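Take a look at the following structure, please.
To keep things simple, chains are lettered A, B and C as they appear, and every chain counts its residues starting from 1.
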């Protein structure tokens, strides 16, 4: 049986304009009676096979899609400069000073739950990474900062993070001492040998 | 010079993928350097000329559209078009054919004051825009149509408006005041500026 | 204001039926000013507008205004100004020219005819535009555009000072506020709500009550309230990310959500 080229044109237009992929029944309903839908689709499929767009079957329905080898054309990379939210900043600081630290510990320190986006932002920035699992019930993941973090903040080593007194001396802080930084500095020195014995690698 | 068929595929993919018309610069930016964009477009245009979708030039940009003769088929996909009042439609036509045109000139042609809503509707639809100021006393704002207008009405250029050349040749598109009903126009302007004090702002 | 509305395609526009003049009086409001009335009257003469008898037209218009007065219809000022102007034009046309200041009656008549011609041209143009090829109505764009996927590489700005200050401030704040202890078992977390919403959203394409997304097995009122709050927060988060749309018909009314078609994200 020979195909009516008009039917092919109609199917082409419908498949192009439709907001959803169309199944054969939907096409049959719109095309003149007696149109040989499978043959029409086969013709179009073959015709577009080597073009920039292909007729593709998705879940039993038909739609035009960009040829897979050209999908890179539709990708664009953009760089935007953003500021960290307060929550992200605090979380990052906690991870830096307390690493390896679990999510629950971060929440404990901040006194509020961590929203998912906060950690995502820090991962996105490339500043934190999972370090291993704590050997406690539930084996929670621990987090630490990355090499990028050190590079960004100009630190050779995580131990170079200034303690409170130094910061105050340098005029970086105007908060009154609460003692925590001293404890913290000590805690870091004691616990934060780089390969933490408590950790196992992920 | 022979065309690289891969370039044609790429342009095809880009034009198919985008709902908005693309200009040659946008294509050139995404295609490999040295791609002969006009030749590629000419090839695609010709290839699709008798298909269910055609490559069409609108407002100087390129896009695939369903073939004009298949309009009847696409009832379901049709977008609901905006209902325009008669005043709005006439005003739109006057702006399109006479641009750049001032509010007073529109009123002169229609012989009636423009109610504020009329222009608002057209701005809202994204079809008109302020173009500048006329260098006459009072420096009135002039208006013109937008690219969206051209695209919506399937025009490549303002000169493609139906009957544009004939009207122009017949002098029907001159905006010089006819000098009659000066009283009438003045009566309208005064009335209008009362309800509409910030009209002069761009 | 604009009384005469078009049908969407604007077909109605052109059907300016040559009405007998008395019919004009019935619906004065339907006219777009005096020129519009003149144009309708002029079409009665069924000649090119440039060859029209302006004298006859002026008489018709004046009769029209008179009748409106007789019927005590309110006639707007600009219609009256036009009547006065036409009365003047009529006298200029009928009386021999005595002085040479200003344009002659014939010149004025020609200008009026030209103005009518212009308005008619615009009216026809408007109609042709609406009856022409309209993209979105007669020729369609791609129904499922494939948006250019933008991969954003965010570069975060943050100085060491920012970081340390945040840490110090946080520590201080915590010293004042008692840590909040969450009752983990009964609390339905925002994360859980996000997961649940994301998984379920695709299955319900239409506007759906947000509360339909709550887990079913919530027995005690506390869990239920927690789930409600978390689900609302999750939906706000997802709306912000452009994944769904939210609507609320009235204050305290049900909040509805719908998956957003991110088809033409640019």
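Keep in mind that, in the parts below, contacts are C-beta pairs under 8 Å (C-beta built on N, C-alpha and C of every residue); 3 or more make two chains touch, one makes a residue touch a chain.
Please read all numbers here as calculations on a predicted model, not as lab measurements.
Chemist: Report the pair of chains linked by the most C-beta pairs in contact.
Modeler: Of all chain pairs, the one joined by the most C-beta contacts is B-C.
Chemist: Where the centre of all protein Cα atoms falls, which chain's Cα centre is nearest to that point?
Modeler: C
Chemist: Would you mind pulling out the distance in Å between where the CA atoms of chain B average out and where those of chain C do?
Modeler: Here chain B and chain C have centroids separated by 17 Å.
Chemist: From the C-alpha centre of chain A to that of chain C, how far is it in Å?
Modeler: So the centre of chain A lies 38 Å away from the centre of chain C.
Chemist: So which bits of chain C are touching at least two other chains?
Modeler: In chain C, 140-143, 146-148, 263 touch at least two other chains.
Chemist: Multi-chain contacts only, two chains or more: what residues does chain A have there?
Modeler: 13, 16-19, 64, 66, 74
Chemist: Tell me, which parts of chain A touch chain B in their complex?
Modeler: Answer in residue numbers: 8-14, 16-19, 30, 50-53, 64, 66-67, 70, 73-74.
Chemist: Report the residues of chain C in contact with chain B in the complex, numbered from low to high.
Modeler: So the residues of chain C in touch with chain B come to 1-2, 4-10, 13, 32-36, 38, 77-78, 81-82, 85, 103, 108, 111-112, 114-115, 117-119, 121-126, 128-130, 132-143, 145-148, 263-264.
Chemist: In the complex, go through chain C and note every residue touching chain A.
Modeler: Against chain A, the touching part of chain C is residues 140-144, 146-172, 174-175, 177-180, 182, 189-191, 194, 237, 263.
Chemist: For chain A, which residues are in contact with chain C within the complex?
Modeler: 13, 16-21, 63-66, 74-84, 86, 89-90, 92-94, 96-97, 108-113, 115-117, 121, 124-125, 127, 152-154, 162, 164, 167, 172-173, 175-176, 178, 180-181
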